[in-house]
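Just below sit the structures, each encoded as structure tokens.
Both complexes shown next keep subunit A, but they swap its partner, so subunit B is in the first and subunit C is in the second.
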Partner chain A sequence: MALPLSYNWRNLFVRKLSTGLTFLLVTVVVFVLAVLLSFSEGIRASLAATGSPRNIIVLKPGSTSESTSVLTPEETNRLVQTPGIAQDAHGRLMISHELCVQTSIPRRDAKGNLANVAVRGVDEVAFDLHEVVRIVEGRRFEPGTQEVVVGRAAQQRYANLALGDEIALGRLLNRRFRVVGVFEAGGSAMESEIWAPRTIVADAYNRHLSSSVVLRLEDAALAGPAMDYINGPAVNLESKTEVAYYKDLSSKTREIVILTTVLITIMGIGAVFAVANTMYAAVDSRRREIAMLRTIGFSKRSIMIAFVVESLLICGLACVVGLAASLSFHGQRQDYLSNATWTVLAYELKVTPRTVLTALALAMIVGVIGALAPALRAARTQVIEALRKA
Partner chain B sequence: MNADIELRDVYKVYRKGRIEIPVLEGLNLQITEGEFVAMMGPSGSGKSTLLHLMGGLDVPTAGSVRIGDARLETMNEQELTAWRSRHVGFIFQLYHLVPVLTAAENVELPLLLFHMSASERKERVATALEVVGLADRMDHRPNQLSGGQEQRVAIARAIVTDPDVILADEPTGDLDAKTSLEILNLLNLLNTEFGKTILMVTHDPKAAAHAKRVLHLNKGVLERDEMNGLFEATEASI
Partner chain C sequence: MLRLTYLYRNLTRNRLRTGLTLAAVALPIMIYVLSMAVVDGVERFLENSAKQLRLAVTQKASIVNPLPAGHRPKIEALDPTRTRLISVCGLRWIGGKIERDPRPLSTLGVDHDTFAATFPDYRLTPEELDVWARDRRALIAGRATARQFGWKVGDRVTIHPSVPPYIPMEFNIISTAEDAEDPITLICRLDYIEERLKEEGWAQGLVNFFFVKCATKADVDYYTVAIDELFAGSTHETKTQDEKAFMNEFITQQFDLPRNLTILAGVTVFVAVMAAANTMSMNFRDRTSEIATLKSMGFSSRFVFTQIQAESLLLCTIGGLIGALGPYIAFMHTRLGNLTVPLIQHLEISPTVVLEALAISVLIGIIAAVWPSWLAMRMKVVTALRSLE
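Up next is the complex of A and B:
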């Protein structure tokens, strides 16, 4: 049977300084890990919320995003024959030609720096096709007018996007558009966009070709045959499900994950040494105690477990405190410049259950690895020698 | 269990590199259950080694050590550890109490190795502390106790599992005369009232005088084996 937990717990307070410093270090490691992961989780969540598995996005072959794709009417004509396209209440095929451009808008902060914001020219059908988009204030724009609706995240972060405000758009920023509605899109990347009538955007920017075409399917299961048709010789364009498209756009999170992995590995190794140092000190100062425990019948395994448990207590508590500190960042809005679309996307920092589990796993790994060698030394204590030295 | 102790032709040799240091040289000894035996001798005479062999903390280089039905020289380390927890109570010169645990928790430690309910453990701890006269110090930590009280707690820890044999290594070596007497009286009580077999290593003739039998070791051999009070010396059996 193992030694009682109270034995481990009270021993933590015997060498307060050494234990305290190790505790602090592991807390910092967990905190940094949780904050960095909350960035990537936030971006991933924002982009993952954007795509629908029933929607297929069609781009020019070779283009990485809508901003680098141009589709001619000749190229998109045959899309109407794609198998499985859904129809709206009026029996019209749900195909949305969309035009993506960028504009510079000042931020709301004191400096008022300009940010690149995506402007999406769409037709009425886009509101039905992008199911997450929901007008929450005002109304939709009228087709053929200089009206826009703005995403909630864009409205919160950029100036002059309140209902009734006017913003300058167009190639020469010479067209005044009135904000007539605000939409939410489930925290997705679209909430960082401004939507306007496609024909007017095309005219203002002198871009009369679509960037992308989005097709709504009757069922997500039909995505395979539909994409086979589009990617095949009949149409010869590139198509992906929206989910896959936005997942690819979240490539920046991979950089954050790599950075996190490198940083946390280095910090984690440091923490392992700190834990090992503390536990070695604990073992050396308790050699007689260990010898006594072995003498009265505690096995080597029990002794090892006792020291590993002690280390896990330090790291487990540090993990809880580190995670609690990282929660102060949870829900904070940030934005990042997408390297695929060159527009700013807003996202919320998220401390997710996955982050909690990762942090817990890291703390436990640091605790176990750090304690292993000292615990082994404790278990191998030469009982008679230790008793003699007493 | 029968707790007779029998050592036959026991040799113990320690090795330091290539050098061999003989500590016990062909020792033969029989101790009957219920005896209180003191072991005396100068430093390096082998008395502590003998105690360690009888307590299963070490194994002889040659010869056999039998305690009751157990042949200790045939056991591996795990078996010896398990055997110790059930059959031997240890008392050390410096008590070796765990400083972060209370007196009761220290006494409870050996019981954690048994399948026993918490209430039964609590009951046994209370009884053991009562036997040593410390029922009112249960919740005290070692640093809140005097040296004599600490040794009493250590004795309670040694008897709480109701072992067959109690091995005491200089149990009064760190105590003043008055406290030593109290501890020796307590060991006498455990021997006479509870029938415990006690083997005590000591340098102090006054302490040895409390035992019924005194073994004198010198250079790894049993030099004298005498019965206290009867002054009956027997020739050492070598």
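Up next is the complex of A and C:
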């Protein structure tokens, strides 16, 4: 027979200080875990959402990202023969020449440090080709004008990007561009960018060679042959599916995940000890009580379970509180400078279901491991001796 | 003597609990030491930058936009006597990778004639400088990077640049810059890159930034303004900052790591305090009757108070020693020291951080024992003994 839960519940309040300290400790550990993971989850979500398996991005071999890639017209011309390129409604090949440059814009936070924001020069076709891009406010820019559309994330994170604002772009920051639209791109990395007419960007930055070319295929299954063609002697450039390209950029999250794992393991071990300490005290101070329970017929097992349940109660509650506290970070905008593209990626901190499950698992593991040894000791209580001692 | 015996007996009475508490203090202290080592690394780096009295000149709109190499003679002409403005060195970032290895390199091409004067903190020997001047393919490899890739002086390495000319380039490693402040960057000669750019038909004569070495702090302030004024209104306007501000811009954009790690270190110390306080209060609970007995035998409240304090102090200090010296020995005296760490790449744990951690563990010991020792001091003997079973 199992002991009633209310027994465990009431026991928690017998040693308020010890229970409270352990509770606080597990809360803090869960909180730190959830916050650290919200960074990597946010970045991962943003980069994972970027790119379509039907799109192929073509770069200069050897370059690590669009920012360091330069393609000559002679090279991009070789791409038109690529097999499987889709056509738009007017029968034009869906090939988007893109020019990636940067500008410094202050952040919207108090310090207002400058961030290196990506500016993408594109033609009309880019809006059809990057299917996730949707104008949600205002309109698209007119080709050949000094107008820009800005990503939702960029608008939220950096200053002066509201509809109707003017920003300075160009090599000398001497061209005024008007913000005429805001776009969303399914939470992807492109939402951290500013898009402007390609020819005007080329002129403003005095950079006339494209950074990358994106090809839209008729079907994702055609990606293999198309990439073979491009990487081969016929074109001799480097191509990846957009999905793979952005996945490679998310290598940064690996560092955060490693850091988180190391820290949480160490803190988790600390928490296990604290729980064990508390539970030992609980067992030791209740020797007589345990002996009594054994005498009236509770099995060793049910007593063991009772202590594990007690520990799980503390850890479970602490987990809930820790997660709740971490939710205050959920949805906050952060950014980081990618060392591959030299531009910032603005992402949302995310407390995802996966984080919740990880935190729960951690709390449960800490609770069970911490309670195991004390519970064993409780179960092994010598009834006669414990009762006689009294 | 009695005190010490009593202390020792108390700690060995419940070995398991003592062990658990030691670990619960040692592990957070370890996190503290490691985080602070990273923060320290960043700070040391910035401090050195400030000491060097150097200016970083970049293109006005963005660090990514190149500047013409021709800016160098113009900047130099601001002080033809070279008394206030010592030297100007142009740098071009080529990043790079080696064949079949995903790890990105940080390679910079520099003006070879002014490099040594502008970056004396690389501390190259006269022999190394001699080779540097003669060998167009010379490469100075940061010691941490060299160790990672197993490179030695005299090795020949092929680097694939991430920017034009994009073709593989061969270098001869002439130094692993053992005494340089920067253990990561690879330095090569700009004239070699220019030569390859010319062969491949790319634009030449461009640099990403200039570093300008000044004689005094006043000169740093003066030229910060003077250089930008010189190019104001031209087609290649500049932005000049002292090196510390320039570096700081990069670092704050990398998750603001120094600030966030400091917060994290604070949280872990908090964890350690709670874990230790937990044990101490339990220790006290277990011994209520014993303390009452001690008091009734005539030991003063002060004795009881200091005894609990001393116990906690000893426990936490030992925990702190384990937590602080563990990583210190691991990173400074074993192969673990070659591990790459984000942002600073190479972790160096200074004795100062170890001492700081020890001081913190002593503090943890005191704080953890405040409540139980105060209770013990205030305890009424009669009540305590009466509640005995």
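Keep this in mind: the second predicted complex is superposed on the first by the 380 of 390 C-alpha atoms of A that agree within 3 Å, B and C clash if a C-alpha of one lies under 4 Å from a C-alpha of the other, contacts with A are read in each partner's own complex, and residues count from 1 in each chain.
Please note the rule applied: contacts are C-beta pairs under 8 Å (C-beta built on N, C-alpha and C of every residue); 3 or more make two chains touch, one makes a residue touch a chain.
Note that the coordinates shown come from a computational prediction; the quantities given were computed from them, not determined experimentally.
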Which superposed partner A:Leu33 touches (first subunit B, second subunit C, both, neither): neither
Touching partner for A:Leu259 - first (subunit B), second (subunit C), both, neither: second
First, second, both or neither for A:Ser299, with subunit B first and subunit C second: first
Which of subunit B and subunit C A:Val14 touches, first, second, both or neither: first
Which superposed partner A:Ser63 touches (first subunit B, second subunit C, both, neither): second
Touching partner for A:Ala223 - first (subunit B), second (subunit C), both, neither: neither
Superposition-derived comparison: subunit B or subunit C, residues of subunit A touched: C
Intersection of subunit A interface sets (partners subunit B, subunit C): 390
Subunit C residues touching subunit A - in the complex, by the definition given at the top: 16-17, 20-21, 23-24, 27-28, 30-31, 59-65, 95, 97, 104, 160-164, 166-167, 235, 237, 249-250, 252-255, 264, 267-268, 270-272, 274-275, 277-279, 281-282, 285-286, 342, 371, 389
Contact set on subunit B toward subunit A in their complex: 48, 52, 55, 57-58, 78, 81-82, 84-86, 90, 92-94, 96, 98-101, 105, 109-110, 112-113, 157, 169
Interfacial residue positions of subunit A with respect to subunit B in the complex: 1-4, 6-7, 10-11, 13-14, 288-289, 291-299, 383-384, 387-388, 390
Complex contacts: residues of subunit A adjacent to subunit C: 15, 17-18, 21-22, 24-25, 28-29, 32, 39, 60-64, 67-68, 70, 101-104, 113-116, 169-173, 205, 255-256, 259, 263, 266-267, 269-271, 273-274, 276-278, 280-281, 284-285, 334-337, 339-340, 342, 344, 373, 390
